[in-house]
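Paired with chain B in one complex and with chain C in the other, chain A is shared by the two complexes that follow.
Moving on, here comes the complex of A and B:
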């Protein structure tokens, strides 16, 4: 599997480098060497125990190394709009930032830079130099190394000191291709001291071919900054979504990450949040509703490197048919990170005999003055609660729905953007009713 | 908590360090096919036993030492270990003939054999350096049809039982250490409880490692036939040694229809000194199978010793309505490392399991819980509840939890909870306020914390376990 990509890189490295800026090329060879050494991850690796990527990686994907522009009208697929949301709107098509002139983006505060990573690397090389790869190149991971070798572009966002973005940034990832396609993109998000931003990432696919997206997102949250990251995945069953989110938090910063998978093929979300300053607050939550043959693995890691930080983690899964769920919640408290408070919870419901759930909450604690706990459950809907409702005239299916909705609701409640919250409530309800086994307005999914 | 107090708590020395001067019969160090054959011939084993050993040995050569555990183990040179040591004198017929030195050893442990025999009526099968020296109460047990003897005797007298059950729970190719044990195991205990018999007393074994540089590889096989019950105790204390000693044991338990087995361990091998020098490497494969319907298996362990502990007493819940329990207290101090936990494999219908694990880390030790709960697709109505708590005493130690839950059936209800914290200052303050010194308060809190598990131990053991907890942890404080 790896060999074709290793050969490809060796043959094509000139064109890969030619089409991307010097800063992005600086760590490319090192990443490639690491990938050559590690290969693609298999389930034999502890960190990939619950992500079986063999099938997804064995497909012969095309790569757009020579950066051929793909003609697409992003507004055409953009039917999963969140009504009532006031946002700045940006698109990434496959692995390239797609420039559009959207009226909504006019009032972007001064100093904020949003655009193509590759372009900004040319205009502000010093900025990219300082941050690019700082988190990703230290990871000993085959997929991240692969991304480092092949990524040529991605989304870039820079929010200067004390700038508060009043509206959320909406980033739409669109996959568009006539042949099976692999996209490697690298996103970089930088929040300076006291800055505040919300990012909503939506994943969509346009064509009925097999897509593999291997995306690495690095986020730097400086002192006193506040960052919210929402990821809503509503792609289709032939899509493999491998996403890595690496967040670095400095003193007194505040991060909320919410990862919601409503519809997908194979998904692996690797999320690592490093609390690198004191008094940080972190809330990481996620929700998965999966049926048919979907496979979702959330591999999360919260690292308390400094004292006096609080973190909370909450993941909920509803699995039906032959869906497979995986969850790893690694919580590391470093030696000197005293007064750490960390909570983790993973709750799962299996709706069918054939659905599978694997969960591994894991605590690694090297400091003594901490309060850490985790809880994990796998079970079914509460029969007595269902009976209670039925005895009051609520039909069985409605009672089931209510219980499932209540189950997922506490993840939804953590969403801070009201319009998004309402929209997701609606989507979840539809999804649970079985009305939405594909994204709304989408013509390709069956 | 003051630094001073922590020091006191964590600097206590191993109190059971002494060497009994008994002549032992050691074969040359190193491991080869000849050594395996030599062990087998020294024990006058039948051909099939030798074949089993050789099969395991050949397989072992193809294996590598596992590295997944959260342990830092210096490379072990398997060629520098003597794989067999036996007291040279002929096995005595009665207690009077037992070497007085050996009896003294048990006196030093605080519980003499005589005392045990008189007071508690516990039958003790003493394993000292691999060969079973003395089996007491055998006759009274034999009247009921219970077989309780050393493993070698069982091979000699009940080959059909041994052949039927040995390796049926832990196959010879199971894992690196189990395979090594299969090749070179020296001796151990064998228990067979016939149909409908409730064993009238608690069966007990003391294992001690007693000669320099001998790994001890014992094997225990317990078979509880239909409608039977037995409670089995295993206790270990080892004398002080400077070089690391290897210990790789196997325990296999088979529980048939409506039978119940309770297995309790207090493990107090030498943990190494304050600087992490010496100590026992303890790699144990313990596994039981609830083969029949309504069968029950219960593991209780108090782990206070060993430099390295690698131990996962597991249950295979094959029979319908079978249930399993795992209760554990693991204490690590100084430079000790423990990676311990359990596996609950739900295969039959309506099976349930309960896991309660309490870890206590002090000094610079690392203490991990690692557990797996797996529900197979056909295991309807499986139920599991796991609770793993860790208590930290000191800022240089670590407490880790690695629970795995793999559920393939929608009727399963699986719950897991874990907490990690240090001793609550409010609790200490509360005790202080009522005139209890901080030292006593720590002792009280630790004992209270472990109580849920200690309560599961049989009376005689609970007393010793409590003492051990205090010695390991509290030292001069307790």
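Moving on, here comes the complex of A and C:
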């Protein structure tokens, strides 16, 4: 499987580099060498035990190495309006940042840069140079290395010191192609000291072909900065979504990441948050609703490198039919990370006998003065609660729905953008009712 | 309205009800007393349609309809209400959402339109006052973290909201302090009409001072073995069950 991509790189590396920028190219060969060495991950690897990618990686995908423009104007076809959200709106089509057309984006505070990673790498090379690959190139991971070799563009955001973005940024990733297609986008997000931003990432698919998205997002949250990252996936069943989110937190910074998978094919979210300063606050949560043959693996890792940080992790899954869920909660507390407080919880409901959930806490604690807790449960809906509701005249199906909704509710409650919270409540309810949970007015996702 | 004939019921293969007969007419209050483990809650569970219990023999009709054929939700919509001996906690489901869903499902069953938000909230307020329920409780998840007494009060609140034709109160008095007992009993009395009826399961004569029964039944070993007026409860309070057990077991 690797071979065709190794050959492709060897033959096409000139084109890849020509259609990218010097900064992005600077680590490209090294990433390729690492990929050549590691290959694609298989379930034989401990970190990929719950993600079987063999079938998805065997497809012959097209890549857009020569950066041929995709004939679609998302600003025209995409009317996904989370009502009342008032966001700045940006698109990445496959793995290309789409030139900004939205009037709403004009009132960005001074100094904020949002745009194409590849373009900004040309206009502000020193800025990109300082951050690009700093978190990703140190990882010994085949998918991340592959991204480093092939990524030519992505979303870029820079928020200068003490600048607060009052409105959330909405980034919509659209997969659009007439043939089976692979995209390797690389996002880079930088918050300087005291900055504040919220990013909502939505993943959608447009066409009825096989898609593979192998995305790496690097986030740098400086001292006293506050960052919220919401990822909402609503893609079709032929999509393989491999997403790596790497976050670096400095002293007294605050991060909330909420990863919600409502509809998909095969998804692997790799999330790693490094607490590299004291007094950091981290809340990592997520939710999965999966049925049919959906497969979702959240591989999470929180690394306490410095003392006096708080982290909390909460993931909930509702699995039906033959859906498969995986959760790994890796918690590392370094030797001098004293007074660490870390909580981890993964709770799961299986609605069918054939659905499968595999969950694994992985605690490596080298400090002695810490408060760490973890818990995982796999169960069914509470029958006595269901009967109690029925005895009040509530139908069995409605009772099930209320219970499932209640189960996922605390993850939704952690959303800090009210309009988004309301919208996700609605989408979750629709999803649990078995209706298509696409956003109203969204004409492109199917 | 309710007719139970020769009811036999099992749980986990063990026979608990062994030929129980009972007739309830509109306007009546029936008290059921009896020793622990006699089968009182089993009867309540069977009436409300709990699938854990298997009816092996006998019949139950409610307004001429075969109750045993009905789903639990339809029994409720037909007007049967069970105040649980042990009300269930449902974390994450708010009382408001729970009650609104229940009321509207009842209305849908009767081909009525859903209640408007204002009408619903007004009804909530009225009924809360009836059982003097704390506003804070109504804003929380169903029974979650409620004290024993608060749970019982919440059962009567739900009963008031759903306005049943037949209410079955399974030890609603246990766990209530003296004031709460009076409030709950008053609530039940205020809901009493000529066209509805109650079955009150209790161990204590005390409750029957407030909710005055037309009949007192003794349930023992899966059957109703004695029926009398309200003075039977006084007699039981005084003498216990031994004399009845002797009467029955001696048969």
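Everything that follows uses one rule, which is that the second predicted complex is superposed on the first by the 431 of 446 C-alpha atoms of A that agree within 3 Å, B and C clash if a C-alpha of one lies under 4 Å from a C-alpha of the other, contacts with A are read in each partner's own complex, and residues count from 1 in each chain.
In the analysis below, a residue touches a chain if its C-beta (ideal position, glycine included) is under 8 Å from a C-beta of that chain, and two chains touch if they have at least 3 such contacts.
In this text the structure is predicted, and so the values were computed from the model without any measurement.
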- Touch check for A:372: first (chain B), second (chain C), both, or neither? first
- Task: Count the residues of chain A touched by chain B and by chain C, then name the partner with the higher count.
- Result: B
- Quick one: classify A:254 as touching chain B (first), chain C (second), both or neither. neither
- Just chain B (first), just chain C (second), both, or neither: which does A:13 touch? neither
- Would you check which partner chain A:392 touches, where first means chain B only, second means chain C only, and both and neither mean what they say? second
- Message: Going by the contact rule set out at the top, does A:416 touch chain B (first), chain C (second), both, or neither?
- Response: neither
- Partner chain in contact with A:351 - chain B first, chain C second, else both or neither: first
- Message: Residue numbers of chain A touching chain B in their complex, please.
- Response: 46, 335, 338, 348, 350-380
- Item | Parts of chain B lying in touch with chain A, wherever the complex brings them together | 68, 70, 377, 390, 392-422
- Query: Quick one: in the complex, what on chain C touches chain A?
  - Reply: 48-51, 71-73, 75-77, 82, 84, 87-93, 97-98, 101-102, 105-106, 109, 141-142, 158, 162
- Spell out the residues on chain A that touch chain C in their complex, using ranges where they run on. 382, 384-385, 387-396, 398, 402-403, 405-407, 409-410
